[in-house]
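Two complexes, one shared chain (chain A), two partners (chain B, chain C).
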Partner chain A sequence: MIEILASQVVSGLATGCVYALVALGFVLIYKATDVVNFAQGEFVMASGFISYTLLIRYGLPYWLVFCLTILLSGVMGVVLERVVVRPIMSAPIFSIVIATIGASTVMRSAAGIIYGYDVLPLPTIFSKEPIQLGILNFTPMDVGVIGCSIVIMLALYLFFKWTKTGMAMRATAQSQTAAQLMGVSVKQIFSLTWAISAGIGGIAGVLIAPIIYLDPNLGTIGVKAFAGAILGGFGSIPGAIIGGMLLGVLENLSGYFFNAGIKQVSTYILLILVLIIRPSGLFGAVAMKKV
Partner chain B sequence: MNWRGGPLRGQRDWLKTGASLQALLLVVTGVALLVLPNVADNYVIYIGARLFVYILVALGLNLLTGYAGQVSLGHAAFFAIGAYTAAVLAESLHWPFVICVIVSAFFTAIVGYLLGLPCLRLSGLYLAMATLGFTLIVQEMLLQLSVITHGSEGMLVPTASILGFTFDSDYRKYYLLFGVTIVMLILTRNLVRGRTGRAFLAIRENERAAEAMGVNLAQYKTIAFAISALYTGLAGALSAFLVGFLDPQEFSFFLSIQFITIIILGGLASLLGSVLGAGFLIILPELLAGLDVWQALVYGVIMVLTILFMPFGLSGAIRRYAYRWLGIGVEPIIPRRLGH
Partner chain C sequence: MKWVRHGWAVLAAVIVLILVSSPRAVRAAEIGVTDKEIVVGAGVDLTGAVANWGVNIKAGMEAVFNRVNDAGGVYGRQIRLITYDHVYQPPKAVANAKRLVERDKVFIMMGHLGTPTTKAIMGYLEEHKVPNVFPATLASLWATSGKWHVGDVATYADQTWLIIDYLVKERKLTRIASFYQDDEYGLDGHLAGKARLQHYGLEYIAQVDYKRADIDFSSQAAKLKESGAEAVILQAVYREPPRLAEQCHAMGYNPLFIGPSPIVLDKTIELGGKHVEDVIGVEVWPPPTDPGPFLDQYRADMQKYAPHLPLDMTNLYGYQKAALFVEALQRAGRDLTRESLLQAITTIKDWDPGWGLKYSYGGDDRRVMSRAARLVMVKEGKWVRMSDWMELEEGGRR
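So, the complex of A and B:
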């Protein structure tokens, strides 16, 4: 019993880490630019297909594919920001959200036209053979995904904490006007934020596609990641990470106790309960509005 | 307020001209829709009837999101609840059509009220997520409660009839839905101009200020949820009789996103916007049907372009250009950063 639960937690943590990465993408863009990007899940999907193409069709080595995918995904983010979001930065936030939903429709159907709607196998360097270690039963892939995610998060933390650009990004998140007055190019920061968010989404895609599936609807993972970010408190970076991981673990555990249908919704039931008690998520700041 | 030159006119005056433009457009559209079934083929009539269903949903959602400022992604669930309640009452209990529809609408309103209660403390993105969760939970319940809903097999809905007059053709269903939509449009117009509508707007603009002015926040927010759910449940019930078959797969969160897209593309807090947005979302895919696999792609591109060029929706654009080119009404002032 305890062994099964423990291994469920580990594999849930692996999916949860990917949710956390995507959630991080949501929150970074939201903090820097006040925009909620509903095409975030589509970066995951698109990068899954990009890496599939590079690996299978062009036969490139895995590490090169990994780097190229992140790069291309980042470029995609910058293009999306430039073409779709920046022209309407002053419009109501609802309109921007709908624009990103429109963009996600375009990306999803483009993937469908190019690759079809069948599930494609994406190879991975991690083995899926289970390993027994004490009471833990896990696959190297789970560990690989968790490890990669933690490295990425650590790198991001160091980037934001210690580099000049990272500091400029934090400044922009606090106050765009003040950052601009201090000589930060807010426009460049916006582009960079979208590039980083999309890049993280790209990593998430390469990591998760071999675990679940690769088809044009992979982007719906964005909904779960969004739920994770909300659970942690939207706008909080630690919140997004913990919320995402928590969601992955809970989802996997409820899959053990209930059937597949209930597994899908149990996390949302829990999320609503959490929101009733804490309306701004676990780590979110309560927003006060002046009269 | 931005006057952009031009003579200063009295407040009454521009209210009148602005409203009369909107009324004129609504009347022209209404007359066109009234004669449509007599000149169009069956498929067009069916699409027209679906358009009315979506207009009803858009009106309800616009009351909640556009006027009261409460974002909801839970309307696919309300739609499903209305549709399934009507189907169960008609199919299993053999209740008459009119009673089925009315009971479904009010039952959905009660569900909306009950959902509104825990959502009182939520706003913006948190509210959107909670209501999205509600949609996903209800869709799963449709599959799990197969004793009542027949699960993934779906449900057949009997033909609607009032006092022996059966609505067995799309032609007849079209006029039924047309009538209901007109009635609901007038009701909505009166509602948003009255005390309730003003309270909704006050809540949207600033909750604290609204409270200070004597608006009971909890009461009006739950009322907004209930009324909005009533419209959507009504639309769901009518849609069940229109289509004649319910497939639980249809009530996914994509439907909720489609609903919210309608009111944003059409224009928030605008009745004309609800109508135009529904028209946009229902008619455009039909126009693009010949494009085969490219349909969704082109549709998405048009959606993005529409928002890029009309960030305040179709009705916002109409009002803006009516003012700039024809001098009718005023430059629309729409609050920035709504939903924060």
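So, the complex of A and C:
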């Protein structure tokens, strides 16, 4: 019993880490630009297809593909910001959010047209052979996903905390006007934010696609991640990470103790409960909006 | 301006004359049938969770229709297939069916994909008296729901009875679990299996469900492992078995996996790799690589009309449906109506298109055309035959 529960938690954490990465992408863009980017899940899908193409069609080595995918995904983020978001930046936020939903549909259809709607296996360097360690039963795949996610999160933390650009990004998130007065190029920061968010989405894609297979509907993982971000308190970076991980574990445990139906809605039940008790989410600051 | 009004009157008279004298108007015998054309409708999944099936079934049916049309059609009528994408979602299937029946005025629904999606439109089709011919779902529902529905090959219920018989009688197993999709599709085989186990004085040792389009099965794997099941019956499609097997193996749990025909695809092996080695399945029509003139024709037609698709069980499934339908059209004769088509289908007996598998109408309480099946197993990355064709017993939920 305890053995099975432990393995449920480990595999839940692995899925949760991927949710956390996508949630992080949501929160970064939201903090910097006030926009909720509903195409965030599509970065995951698109990067899955990018790495599939590089690995299978061009036969490049895995780590090169890993880095190239993140890079290309980042470029995609910048393009999306420049083409879709920036021209309407002065429009109401609502319009921009709708534009991102449109972009998400376009990306999904484009993937369908290019690759078809078939499900494809994506190779990975992490083995799926089971390892037994005391009561823990896990695969190198789980460890790889959790490890990669933690490394990325740490790197981001250090970037925001210690680099000048990171500080400029935080400054922009706090007050665009003040940041601009201090000589920060807000436009560049916006582009950079989108690049980083999309890049993180790209990492999530490379990590999750080999686990749950690759198809144009992979981006729907963004919906779960979005719930994770809200759970953690939308706008809080540690909140997004913990919210995402919590969700992964909760899904696994509710599926284990109940059935598939409960597993499917457990995310949203928890979300509603948390929002009733703490409307700003687990880690969210009480929101104040200028009017 | 009097001449203008006069002109309009003449024009109207001419149009009326043309309409009245055209053969189409004279012989408005049946909806969706003219002297030149038979319009057939289908709702399939082209972009959703079972898109692989949808795209291929459509291509397989079109390959037959294109060949027949190129050769002059059936009694001079071209067959035109209209398909809409329902994304494997019942509400969309209903909207599409209404579009096909009321706007496109189809003669019949043919090869409609998916059990939950086809069940959603079942009542609507009956109400409008539109035959549901050879739907791309093997639920036992179509075999037993009266004159407007007719299935093609052995149902999930029949196949599950075969699976249970095999596990209990040949493998002497008693600890049998069911992993099923929580909808009409998964439940058909799941409940039939339950009934068959009762026949042997047994019951499922674990019953584990999942939802359409679920992608993670670690909790299901945990429950199955805990139950200690020796065999797990997969009432699933092609995407779930590889992932479930992988997650069971990750827990150090290696039961015998066995499932009905929807899992017997090359895709299952492509996705699962060595995790699906030794998985057993039920085959209810021969694979594309078998010999025989019918399959030679299939390979030539696919090469000609759908060269972008590899030869696969899925498009062959659509292909054999369309071939069976064309045979029924020929038997129905020149005066084609929905009634005459349904009547013609009942006259099919021991009809072999040329691949060793014979089609016979099963009777009014068992409206399917074949009950042949054989067991296959994944060996070194290929589906390998375990038995010859068997004539299945009628499986049911009782």
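Rule of thumb we're sticking to: the second predicted complex is superposed on the first by the 287 of 291 C-alpha atoms of A that agree within 3 Å, B and C clash if a C-alpha of one lies under 4 Å from a C-alpha of the other, contacts with A are read in each partner's own complex, and residues count from 1 in each chain.
We take it that contacts are C-beta pairs under 8 Å (C-beta built on N, C-alpha and C of every residue); 3 or more make two chains touch, one makes a residue touch a chain.
Remember, it's a predicted structure, so these values are computed and weren't measured experimentally.
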>> Just to be sure I read the superposition right, which of the two partners does A:Cys67 touch: chain B = first, chain C = second, or both, or neither?
In response: neither
>> Is A:Leu271 touching anything from chain B or chain C once the two structures are fitted on A? First, second, both or neither.
In response: first
>> Per the contact definition in the header, classify A:Ser7: touching chain B only (first), chain C only (second), both, or neither.
In response: second
> Given the touch rule stated above, what does A:Val151 touch, chain B (first), chain C (second), both, or neither?
Replying inline: neither
> After superposition on the shared chain, which partner residues are touched by A:Ala178: those of chain B (first), chain C (second), both, or neither?
Replying inline: neither
>> Output check: A:Ile113 vs chain B and chain C. Expected answer is one of first, second, both, neither. What do you get?
In response: first
>> On the A-aligned overlay, A:Ile93 touches which partner chain: chain B = first, chain C = second, or both, or neither?
In response: first
>> With both complexes superposed on chain A, which partner does A:Ile125 reach: first (chain B), second (chain C), both or neither?
In response: neither
> Looking at chain A, does chain C or chain B touch more of its residues?
Replying inline: B
> When the two structures are overlaid on chain A, which partner does A:Ile135 contact: first (chain B), second (chain C), both, or neither?
Replying inline: neither
>> Quick check on the output: what are the common chain A residues between the chain B footprint and the chain C footprint?
In response: 112, 261, 264
> Which of the residues in chain A come into contact with chain C in the complex?
Replying inline: 1, 4, 7-8, 11-12, 15, 112, 116-119, 121, 128, 130, 132, 137-139, 212-213, 215-217, 251-256, 259-261, 263-264
>> Considering only the defined contacts, which chain A positions touch chain B in the complex?
In response: 34, 36, 84, 87-88, 90-95, 97-99, 101-106, 108-110, 112-113, 223, 226-227, 230, 234, 261-262, 264-265, 268-269, 271-272, 275-276, 279-281, 284, 287, 289, 291
> Can you list the chain C residues touching chain A in their complex?
Replying inline: 46-49, 51-52, 55, 182, 209-211, 213-216, 218-220, 222-223, 225-226, 238-239, 243, 246-247, 249-252, 267, 270-271, 273, 275
>> Quick check: in the complex, which residue numbers of chain B touch chain A?
In response: 71, 118, 121-126, 129-130, 132-134, 136-137, 140, 143-144, 206-209, 212, 253, 257, 260-261, 264-265, 268, 293-297, 299-301, 303-304, 307-308, 311-313, 334-340
